[in-house]
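Since the structure comes first, as structure tokens, the remarks are kept for the end.
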Amino acid sequence: MFPALRLSVVLGLALVLASLPACSKKSEKIKIGVVTNCTAEFWSLAEAGANKAAQEADVELQFRQLEKDFDASAQMPIIDSWVKQGVGGIAVSVIDPKNQTEDLTRIAKKVPLITMDNDADQTGRLCYIGIDNYEAGKAVGRLVKKSLPKGGTVAIFIGSTKSANGKARTQGVLDELAGQKDATGTAAAHPTNADLKGKQFGQFFLVDGEAKEDGSPNNAQPLAAAVLARVKGLPDVCLVGLYAYNPPAILEEARSKSMLKDVKIIGFDEAWVTLKGIADGEIVATVVQDPFMYGYKSVEALAAKAKGDDSKLVKEPIPYRVVTKDGGPDETVNGMVVKFPKVADFEAKLRADLASVKK
Amino acid sequence: MPTPRLQVTTARKEFPGVIALDGVSLTLAPGEVLAVVGENGAGKSTLMKIVAGVYQADAGEVLLDGQPIHFAGPGDAVAAGVILIHQELNLAENLTVLDNLFLGREVTTGGGLRVLNRRVMAERAAELLKRVGLPADRISARVESLPPGEKQLVEIARALGTDVRVLIMDEPTSSLTQRETETLYEVIAALKAANVSVLYISHRLAEVKQCADRVVVLRDGRNAGELAKADITHDNLVRLMVGRDLKQFYPKTHKATGDGKPVLTLQNVRYRGGPDIPASFEVRAGEILGMAGLVGAGRTELSEAVFGVRPVTAGEILLNGEPLRVGSPADAIEAGVLLVPEDRRLHGLVLAESVGFNISLPNLAQISSRFGVRRSEEAELHKKWIERLRVKTPSAAQPVGLLSGGNQQKVVYGKWLARGPKVLILDEPTRGVDVGAKAEIYALIDELAGNGVAVWMITSDMEELLGMSDRVVVMHEGRIAGELRGGLTEEAVMRLATGGTAT
Amino acid sequence: MTRILGVLGLLVVLYTTLITSHPKAGEPDNLISVANLQGRFGIITLGAALVIIVGGIDLSIGAVVGCSAVLFGVLMNKGVHPFAAVPIVILFGATVGLTNGSLITRLKLQPFLVTLCGMFVFRGFARLLGGTLGQASVIEGHPEYKDPIRTLRHLLIGKDPIDGELIFPAQFILLIVLAGLVGFFLHRTAYGRYWYAIGHSELAAKYAGVNVSRQRVVIYVVCSALAALTGVLLFLDAPSVQSDNAGFSWELYAILGAVLGGCSLRGGEGTAVGMVLGAMVLPVLESLVNFRGDASDVIPVVIGLTLLIGAIVDELIRQRSRIHR
């Protein structure tokens, strides 16, 4: 009907698409794909590490932070398209190990595959890069015990109780509190406030008897607010946030309810707010994983593998670290050396790592 | 006496606060054309809607061929052969003429699947269009692309396609051209011959005289009287309707000398989507300029260009000799050029909102302080114009859509007059307005002209044109075909409107 | 006709850009996976478009997809044979539609409100039913369902029964079949006429003797049943479905597809071909950003801008054609 108009439309659109940033690079470099389980600050650190390794190994990196948080069905099309492009290796933070095993097994047969952060060990992946989440959970448990030597009331916040890392971390904390393996706790009402139901783990009363699951960073703050309101006025309260965004959410709500002095907060991962909270003495400590290293080691191992070198594959869990305000000497737990860096030093190192690579 | 086709006995219908019908009765013989006339709010529409199953009567009885009927909805009425052609068009404009002709009673095959049989429908549609005088190529046209008159004819054609026993037409000619109206009369005659009964509501007395066998007049929800064909005269009708004699229908007390200062001047104006021929004319202070032409001659479009709805692409519009730039209706309104549009329900009023809301709408700046609308001043404004224009409404809070056509039209005037117009463009000022309200509106227009307002009146109603205008400009196919002053006659106007030249 | 020109042009541009963006992007296996996603989104788009044609809106589609996917898994976990679970889930969807439709027509509630509430309710139902479910976890509990599930997956998704490789775009084929049915009813039967008429002018339809309420309810039933079917497909295609985010915000994709395909949100407009074309846009775009290797941060911007430009161009073409008519 209007051939000239339509033609110009088509050309115009093509131009727009072509001129958008990050145009397809026609390079001969080996390509490495890394896909995460959500979009978060944590993964930006990993991305920085991955970028650094990619520069050093001279490979092309595609780092995708998943837009739909913890959605396995959104992760697979990205991995599939990489397989089709013929990438040299893929690293993935597995969301649902059991149900993703079939697809990942198929992928692992075609492309070198490693898992990081969260494992799926039945897939034939080359290696797993990450901490031992159960052990890290136990470290959190020890911190709780140290903060509340006489026992007390504990609430645990986490993004997902179903993911492998979520399960392992939570169980690690509870086992440490109860002082036994596979602790399930005993149902009980709170010793001083009978309205509060939960479970008793050793000397510790767990609010609602389970970790409070928020499912998404957006829900973390309201959930923290609700629990804080319920424990207000109780002595010896410790709040534990096991996903990176949980400690900042707890801190913000405790501050807005003027409960900072009444509760101990113990965190996980190294959100900037968490680190600042530790420096200010508002958060006791945080157990950190080292996402920068996850990204770095993933790309390093895959790049080497693509060039026929298996030596960079990671055999051991990456050790977790415990960041506190004043730091402390190394400890050996279950044969693993655990560092206790000072928060100021840790933060400085982190900023240096980030600065060392252009994003 | 044979069984009447339709018999309504002492029908009563009450709405909250209003008794719309208070015991109205009428009978309609098979093959009879009965006109129902009455003033605003006389209950005509309510009566028609009861017969057509839109409303249920509170009391009284409706018999169809001697059988009492209780329609639960318009669907039942259609099934029984009682068809209402509404004053407001009831076509699905996004569908083609063919689809509309058979909407709700498609010819289908395939049992429950109801697959359309287009061939059979197209054949029947061609026949129906022929009967109402529409060209056959309209079958596949989308209804929205048709001019208003043709839409009306499509609705009539749709009714003809059913097993119609009683056809109710509410103001059927309001958007028809002269020729289309003639066709309608032929259709009515054919229906009569086929023993179909017709209930005909109209405000055009000439029409009533032409096609009705009998007239029933309603007033204030009651029967006011009946006239046999021989007795139908203008005076008789008006007397029954208003209950008194109307002295003068077209007042014309203002003195248009024809040498008033030009207020609005169009110089070689063209507008987007309009014809290639530019338009030039002027409207003077204190005069009523009538603009005639057939439906589709481009009169409404030209007025919309002046009002800022259609972008002006060439030429100049002058207001009191100064160039006037109208990029939007807001510019025109600011300058005092105000339009009473043809379709008040679409362009003139926010139907779901109250009378007061609509009057306030263009006047909010005047009655607002920086803290919002001053309530007392707003109430004052409402009161003033409702009284001044004699709008029949329970209160300013009444949704304007619930008023009768004439009262709605008055509200449109009210919202503009409060602004003090310089130029008032009236597009079909009395369409769908009954005789009593018409006289009031004419008196108002006359008064405005007397006060020096330049009135540009677009109308298809020949009586109105001849009765009210000081001067007439005729348009034909988008161009100004000629101007007539003094000794205005219908023949002269029609000659120009149909492409002839002035003599 | 002009209503689908814009989306057709957009698709041509997107496919051309995709195929030239990477040597592997135009290979059949990539086009098959794109087609499969198009099929899945297309099926909900059909439902959304029908609702839009009759002048309504359904915001509960995504939640119904998620709820149905979870329900499908839970039923099988509880020992319902997969072949029996599929019709049960679709029946569930139909019931949802019946509820939505009845509330809208009987109580005269706004479709926006009813289905927005439905969105929360059915997302909540999904959470109550269970957390994360996948084929592997179902098969673990019921090894005897392995073959039926694999057969369903083969037929409806097109994945190899042995290793799960995608071999043909079964979802797209399913979409074409369903679109054919929708097109038949919409363009060839009296019902289609009613839907268009209702969407444009409910009164006109009513005065023509159409049972407006019944037709509306039927459309909502169809829409929700299609959403439930899509839930089944999602379960069969995805490694696992999570009650929190399965099908999350898909109602917007469906509405987007419908509008791109020429449905007017004012009702009364739209064609079956347009619906399919409209639904095809987003998956191509997603594949394109995957192949171009765009950084995560720019992807939403690219997608949003492309759709916006497509919509603007489409509108320009339409305005042109109106002036020249």
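Note that the chains are named A, B and C in the order they appear, and that numbering of residues resets to 1 at the start of each chain.
Keep this in mind: a residue touches a chain if its C-beta (ideal position, glycine included) is under 8 Å from a C-beta of that chain, and two chains touch if they have at least 3 such contacts.
From a predicted model like this one, the values you see are computed outputs, not experimental measurements.
Chemist: Spelling it out: a chain qualifies if it touches chain A and also touches chain C; which chains qualify?
Modeler: Output, common partners of chain A and chain C: nil, no chain qualifies.
Chemist: Quick check on this structure: which chain has its C-alpha centroid closest to the centroid of all protein C-alpha atoms?
Modeler: Taking the mean of C-alpha atoms per chain, the most central one is C.
Chemist: How big is the gap, in whole Å, between where the Cα atoms of chain A centre and where those of chain C centre?
Modeler: 33
Chemist: Provide the C-alpha centroid distance between chain B and chain C, rounded to the nearest whole angstrom.
Modeler: Inter-chain centre distance comes to 45 Å.
Chemist: At what distance in angstrom does the C-alpha mean of chain B lie from that of chain A?
Modeler: Taking the mean C-alpha position of each chain, the two centres sit 71 Å apart.
Chemist: Mind listing the chain B positions that touch chain C in their complex?
Modeler: Residues 73-75, 78-79, 84, 86, 90-95, 99, 102-106, 108, 110, 113-116, 145, 273 of chain B touch chain C in their complex.
Chemist: Where on chain C is chain B touching in the complex?
Modeler: Against chain B, chain C makes touches at 188-191, 193-194, 196-197, 199-201, 203-211, 268-269, 323, 325.
Chemist: Name, in rising order, each residue of chain A that touches chain C in their complex.
Modeler: Within the complex, chain A touches chain C at residues 1-2, 5-6, 9-10, 12-14, 16-18, 20-25, 31, 39, 60, 62-65, 67-73, 76-78, 80-82, 84-86, 95-96, 98-103, 105-106, 162, 215-216.
Chemist: Can you name the residues of chain C that touch chain A in the complex?
Modeler: 1-2, 5-6, 9-10, 12-14, 16-17, 21-22, 24-25, 27, 29-30, 33, 37, 131-137, 140, 163-165, 234, 237-242, 244-246, 248, 286-288, 290-296, 298-300, 302, 305-306, 309-310, 313, 316-317, 320-321, 324
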